[in-house]
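Single-structure report; data block below.
Every chain is named by a letter (A, B, C, D, E, F, G and H) in the order it is written, and numbering of its residues begins at 1.
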Amino acid sequence: MAENWQPPARLAEFAELDHDRAARRGYPEAVYCEGKTPAQVAAIAAAVREHGTATLFTRATPDHAKAVLAELTDAHHDQDARLLAWPPEPPAVTGGLVVVAAAGTSDLAVAREAQLTARYLGRATELVVDIGVAGLHRVLGRLELLRSARVVVVAAGMDGALPSVVAGLIAAPVVALPTSIGYGAAFGGLAPLLAMLNACSPGVAVVNIDNGYGAGHLAAQIAAPA
Amino acid sequence: MAENWQPPARLAEFAELDHDRAARRGYPEAVYCEGKTPAQVAAIAAAVREHGTATLFTRATPDHAKAVLAELTDAHHDQDARLLAWPPEPPAVTGGLVVVAAAGTSDLAVAREAQLTARYLGRATELVVDIGVAGLHRVLGRLELLRSARVVVVAAGMDGALPSVVAGLIAAPVVALPTSIGYGAAFGGLAPLLAMLNACSPGVAVVNIDNGYGAGHLAAQIAAPA
Amino acid sequence: MAENWQPPARLAEFAELDHDRAARRGYPEAVYCEGKTPAQVAAIAAAVREHGTATLFTRATPDHAKAVLAELTDAHHDQDARLLAWPPEPPAVTGGLVVVAAAGTSDLAVAREAQLTARYLGRATELVVDIGVAGLHRVLGRLELLRSARVVVVAAGMDGALPSVVAGLIAAPVVALPTSIGYGAAFGGLAPLLAMLNACSPGVAVVNIDNGYGAGHLAAQIAAPA
Amino acid sequence: MAENWQPPARLAEFAELDHDRAARRGYPEAVYCEGKTPAQVAAIAAAVREHGTATLFTRATPDHAKAVLAELTDAHHDQDARLLAWPPEPPAVTGGLVVVAAAGTSDLAVAREAQLTARYLGRATELVVDIGVAGLHRVLGRLELLRSARVVVVAAGMDGALPSVVAGLIAAPVVALPTSIGYGAAFGGLAPLLAMLNACSPGVAVVNIDNGYGAGHLAAQIAAPA
Amino acid sequence: MAENWQPPARLAEFAELDHDRAARRGYPEAVYCEGKTPAQVAAIAAAVREHGTATLFTRATPDHAKAVLAELTDAHHDQDARLLAWPPEPPAVTGGLVVVAAAGTSDLAVAREAQLTARYLGRATELVVDIGVAGLHRVLGRLELLRSARVVVVAAGMDGALPSVVAGLIAAPVVALPTSIGYGAAFGGLAPLLAMLNACSPGVAVVNIDNGYGAGHLAAQIAAPA
Amino acid sequence: MAENWQPPARLAEFAELDHDRAARRGYPEAVYCEGKTPAQVAAIAAAVREHGTATLFTRATPDHAKAVLAELTDAHHDQDARLLAWPPEPPAVTGGLVVVAAAGTSDLAVAREAQLTARYLGRATELVVDIGVAGLHRVLGRLELLRSARVVVVAAGMDGALPSVVAGLIAAPVVALPTSIGYGAAFGGLAPLLAMLNACSPGVAVVNIDNGYGAGHLAAQIAAPA
Amino acid sequence: MAENWQPPARLAEFAELDHDRAARRGYPEAVYCEGKTPAQVAAIAAAVREHGTATLFTRATPDHAKAVLAELTDAHHDQDARLLAWPPEPPAVTGGLVVVAAAGTSDLAVAREAQLTARYLGRATELVVDIGVAGLHRVLGRLELLRSARVVVVAAGMDGALPSVVAGLIAAPVVALPTSIGYGAAFGGLAPLLAMLNACSPGVAVVNIDNGYGAGHLAAQIAAPA
Amino acid sequence: MAENWQPPARLAEFAELDHDRAARRGYPEAVYCEGKTPAQVAAIAAAVREHGTATLFTRATPDHAKAVLAELTDAHHDQDARLLAWPPEPPAVTGGLVVVAAAGTSDLAVAREAQLTARYLGRATELVVDIGVAGLHRVLGRLELLRSARVVVVAAGMDGALPSVVAGLIAAPVVALPTSIGYGAAFGGLAPLLAMLNACSPGVAVVNIDNGYGAGHLAAQIAAPA
């Protein structure tokens, strides 16, 4: 066999990093770890350090995290959110407030991923937990905070009803983040995804199931300074 | 060809009516008109008249209705609900109250089918319309009525969020009736159906999409006298 | 990174318990363990003990159970049903009888979850097993018991035919509980779920696949004293 | 444009009839009319007459039927079953009895298509209607007939539960014929199809939704003389 | 039958209009015409005129439109977008620019619905057509306009690839609007919907298939003055 | 907690064995092991030994097998087919020949389950392997054997094309057994299942995905002596 | 309302034609008529005439065709294929032979669309009809022609088995063209689509359901001169 | 039990190798390892060595690879691509260039499987990585290479947009290879699969999800010498 089929010895053979993306879009680079080997992630982390590019590593398993931290020793690591950020200090706050609401405790990990992403893209953030529609008084009890946001991210699994309720109560847009929490006819998040796409309140922006990074990124863009 | 393949000349050849069902289950017979020809429905109506069995004709098109009314001239006909009832007078009220709530105007036809069915099975009924989750104040404004019911039927399309919200506010069971109102990713009622099956409040009993008859029947059974 | 992203040190940060729910709806609180860490469940159990709220822990793995029992040492634990109840003694019996029927041995765990839930919500319960439609004589042999119930929960996987058959034989409503038992075109419970939603007998209330807790809760509400 | 793209002037250009198929498989040829123009069907009918091949025309609209009858004036036409047979006299009876059972009146058309097909392939047939599982006494009342069959075709829509029940009561195989009768979560026959594929009784042979021809053909083969 | 089942004589019986919604959320009321009869829509239009509430009528068939225009004679009617607006003059422009891009001519109707909605909610809007990914030079040729927007709505059917491409080129968020344009494995818009939910560029907010109103509403909220 | 929720101490509490089923249907009892604990299976095996009922244990894991063999030490165990049979000697051969054909090596396990089941129900059987449609000469090379069968079971995954091809070549019915072999758009056997349901040759009887037991049982019934 | 929302008076507002596409890709422009109004198509046809660009109009209804022919009076129109070509003369033949095979008569229209497209892109073409796998002798009877092709397009509905069989017999690639012919579990072409994606013979290139244009275009590219 | 059910002692019982396939189709034999035991694969490898047939082993786990290498000690093994080739030297290069493009690093394994397959079927190949549509400049930067190919294989997960973009830029056909990279609404590769089937650029040939072998084989056939 010719050598051009051997595993790539250098980074360039398996990932052409986009180091000017920050400039082009104004936000840090993101590396999606799932489906990459720890060795591949380590090579990317080394390139990140060399170029000094602000970077988020998402969906990082403990092995991915170890690989990143070996190269970027001061990176911030949030285990619940499976996210690493380098440099560890988020940028100064600009733009409007991003509120992230989680319908239940089980939605917390993905909600935190959204919150951290928005923060590392430069927004002020607040996290509200366990305000599902089964107990409306909890939602109504946080109305002032929800109404103070430039955008609200709502993470919910099961019936995915919370974004409809929240969007009906506030004037700002809602980023609806379906989670795979649930079982049976939840079909891995399909049920809340469909519910959110059919939200009876307008102003609901849907992202992929469990896509905390995407929700946070979108929220940061919506709340960006004009 | 032998004669045993000819279209049936008499009713018995295509429908063996269950005239003792009322006795066995305590409720009127129901004839599902969809998929039957007007002539078949007329033959059944004639048999109903002959036996004097209380009967509901559901999903009746105008042609079905005409066929029924030709045989049972005093039958009650509700065009919105596509339902005919004979005899026209519903039975005396027994058991608890059945409240039927429709999330939107478009859910009204199927909600009315549920209401009429429950009434013809012997329950007192109330209908509440247009109390979707996009305007929570409407739901909260009807709380007293909702809490007075022995069971609440909630008809909703789109995100199917209303049963979750109602079930979280009352102690009685909720019959969730998904409707095919909506478009796109509503997939003919699949979205509210899945949402209702995954309701985050317990106490939600789901029936088939647009199945107003089934919802009303179930509600009547739940609210039956002990 | 600022501290507001650290894992929550106190319960309040990830779960706002609803201690007045028992009062509002008349039933114990339920904690859905799936998707929560044992540490989160332990913190909730400690809060439960502190407030003295009657609570069910559902879908508890052995690790979840250990965490609960460390805080609530006298909690009742049913391993088959993956359920813990505290306080261990169920309330006094009120209302009508809840019969739970399982089509096959494999449906037993989820049927027991339904039975236990109904009992801890205050109903008398009976469990009937292995009465699938492939052997109708078994169903007919239990007809007297089935007809004595205020509501019957029917757990079935595969073709999900049993609720239709049972609902055709009794006057009380049937709670249809599809299970994920089966393979291939059962699609994780989709086949019995669809069959139950299309039951040819009226009076069938469907809950989510494997949702024994929901079925038991709904049955307890239906059989509640008027 | 070259002429080889013009609409075919002769039959051979759009359908190569398989006139020795009867010899090869022992059964008449079948022409599936759906998706063919009346003119195409007429050309085929003319070829059938010329070759004298015994042929069934299935899924024939009135226009298809008119086209066939113009060429094969003595063909038998069953409008309910949308089927034409030529020559009109079915062959002498051989092999075992084929019983066709329809769960409801709405399943009758497709059941008759199955019955006629089996008869034209040489079997004795009996048709039983309206024996759904919601009224078990009807099924049990026909047990003797069902047990006298070499094979039973069971046509059912909605929950598709009848084949399971019948297969549990007899020793002969059951051909399960799902119909598109139903609405909402029946999804055009998907619900009974899945239920039948997951029948809890062994001995159930499933065919496509509304495939009366296929069910009758299969039944005729199963009941063929050894 | 008692009179409380008759078709409602007055509006209040089938639609509780939310006349203070404009105040609560800051935007005009919307009436979704699909599933409503022209008579129901006419009654709503009369109530709108009486209260003087700014209102959009969406998904209006010609019959719906006629009913609205009989009551609100000066309403603006866009037939392509199936939308009517009253009062006809849109509000003064505030906030940022909303650019609406349609991948193909066939996506134009739904794109225009989005554009009109955003305009009637107070934003300046621009419409760009026929810039599908099959001809990248067209997309790149509009880059300056796309980059001048506060938010870009991208309507696309078939492969739904355009939002990914646009989001990768600009810093502002993209509202992805899948259309049901296509056939076969497009499955009524499912293909572009899934593609957009999985957009490889972050910053993509998905709405329901053909939901031009929702896309325009969301865009108007995102581009609202801070 | 009361004792009636404890795990069942005796078999009768979780499985009511159907010991007269052999008499009623003429075939051995079958115990589906999946979803049962080894202890439950052992208890059933003990009851089988006590009653002397001929029994098949299907879908047995090694742990299930060990449990059975501890009670029925002379049971026949086929590891590939995951099946145990007791008594180990199959009954004398009656009826016609059952040929089982496997499209590929990967379909072998489920094909063998079908073959063994048919043999233990009293039929002579032959197994043919690796005759996929990608190499038609292999199919044609076995034509004589295929045509000698009273029924042919065809196990195939991936495109599920083999049953169509075989059914077009023989006069006997074909039992089509889809397998979950494949990946991606095979969707766990959905692709061959749908293909088989749409077989363009009549005479194809479809069973559930990977349901070797069901295929063998059905084939044995079809090939039973008249 | 401002005028920029009026229906476009000039072509440029709703379709930016890609007149240099022929140069860029070497093939004629194609206009997909579905979803366009006859007036829009007419405007495009006028532009085509003005620029003299070779163009195919696909999925043209009779009204679309009339609109095209009013502007391009000498265009070639194939009604079965719903296709118009201008200029009417196809280009000189280059490259290899494209054979188009249709499994059944019902697949003929889409097969012809593929054939015409390939011819207008410059290839020699042959059409073979009615060679489904139910009659293998027909396939084998055309083997010489099939093996003479540079690429074979195989159109098939129902079980979609033909591409697998053909690909196993020839060395050239096969373009598999699933059609929506069939009913029930064919699910509008999903069954043959999945079967073709899982073809057990390598060398199968799948296009969208009923996408005759795409199949012909792809085949023309494959058979292009090197 | 008779011995004809024992595990096959000789290869012939479970796999009839097709040693003249290379001659018939001109390409090496392929053995799909998934679903086969290492022992079965070893037996096949031994037969391969004995006959000297050029063979690819695809989807080989480490255990499969060890089994192959024990028999064919000089086989080439690419762990990333899970592929083994024997003899290890690929054939001399003929025909046109095959370029394989991977949208992201995570698509690399399946892209390499495609590349290796094409090379072992005799084509020259080039691999391009990480050129997703989120960074169009990367795609445009490789345009010269892409345009030099006789066929381009494009592997992409998530939104599957890259094949549309590439096909719009080149004249050669594109083999679209959807990968299961992604999560949530990617549904195991369904999203990119559907997107590719609906590619808005013609000239896109789709293969099964993750089917690198099939993509490479098809590409090799397309680029074969005329």
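Rule of thumb we're sticking to: contacts are C-beta pairs under 8 Å (C-beta built on N, C-alpha and C of every residue); 3 or more make two chains touch, one makes a residue touch a chain.
Just so it is clear, the structure is predicted and the values come from calculations on it, not from any experiment.
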| item | value |
| --- | --- |
| Chains touching both chain D and chain G, listed by label | F |
| Pair of chains joined by more contacts [C-beta pairs], E-H or A-C | E-H |
| Greatest separation from chain A - chain, by CA centre | D |
| Approximate Å spacing (C-alpha centroids) for the pair chain A, chain G | 43 |
| Intercentroid distance (Cα basis), chain H paired with chain G, Å | 27 |
| Whole-Å gap separating chain C and chain H, where each centre is the average of the chain's CA atoms | 48 |
| Residues of chain A whose C-beta touches two or more other chains | 104, 135, 184-186, 190, 193, 197-198, 208-209 |
| Interchain pairs in contact, sorted by label | A-B, A-C, A-E, A-H, B-C, B-D, B-E, C-D, C-F, D-F, D-G, E-G, E-H, F-G, F-H, G-H |
| Residue numbers on chain G that touch chain E, as the complex places them | 1-2, 4-5, 7, 13-16, 18, 21, 32, 34-36, 40, 59, 178, 180, 188-190, 193, 208-211 |
| Residues on chain D engaged by chain C in the complex (per definition of touch) | 103-104, 132-136, 157-161, 164-165, 167-169, 182, 184-187, 190-192, 194-201 |
| Residues of chain F defined as touching chain D within the complex | 24-27, 30, 96, 150, 170-173, 175, 193, 197-198, 202-209, 213-214, 217-218, 221-222, 224-226 |
| Touching residues (chain side chain C, partner chain F) in the complex | 76, 78-80, 85, 88-90, 104-106, 108, 112, 115-116, 119, 127, 129-131, 135, 138, 181, 183-186 |
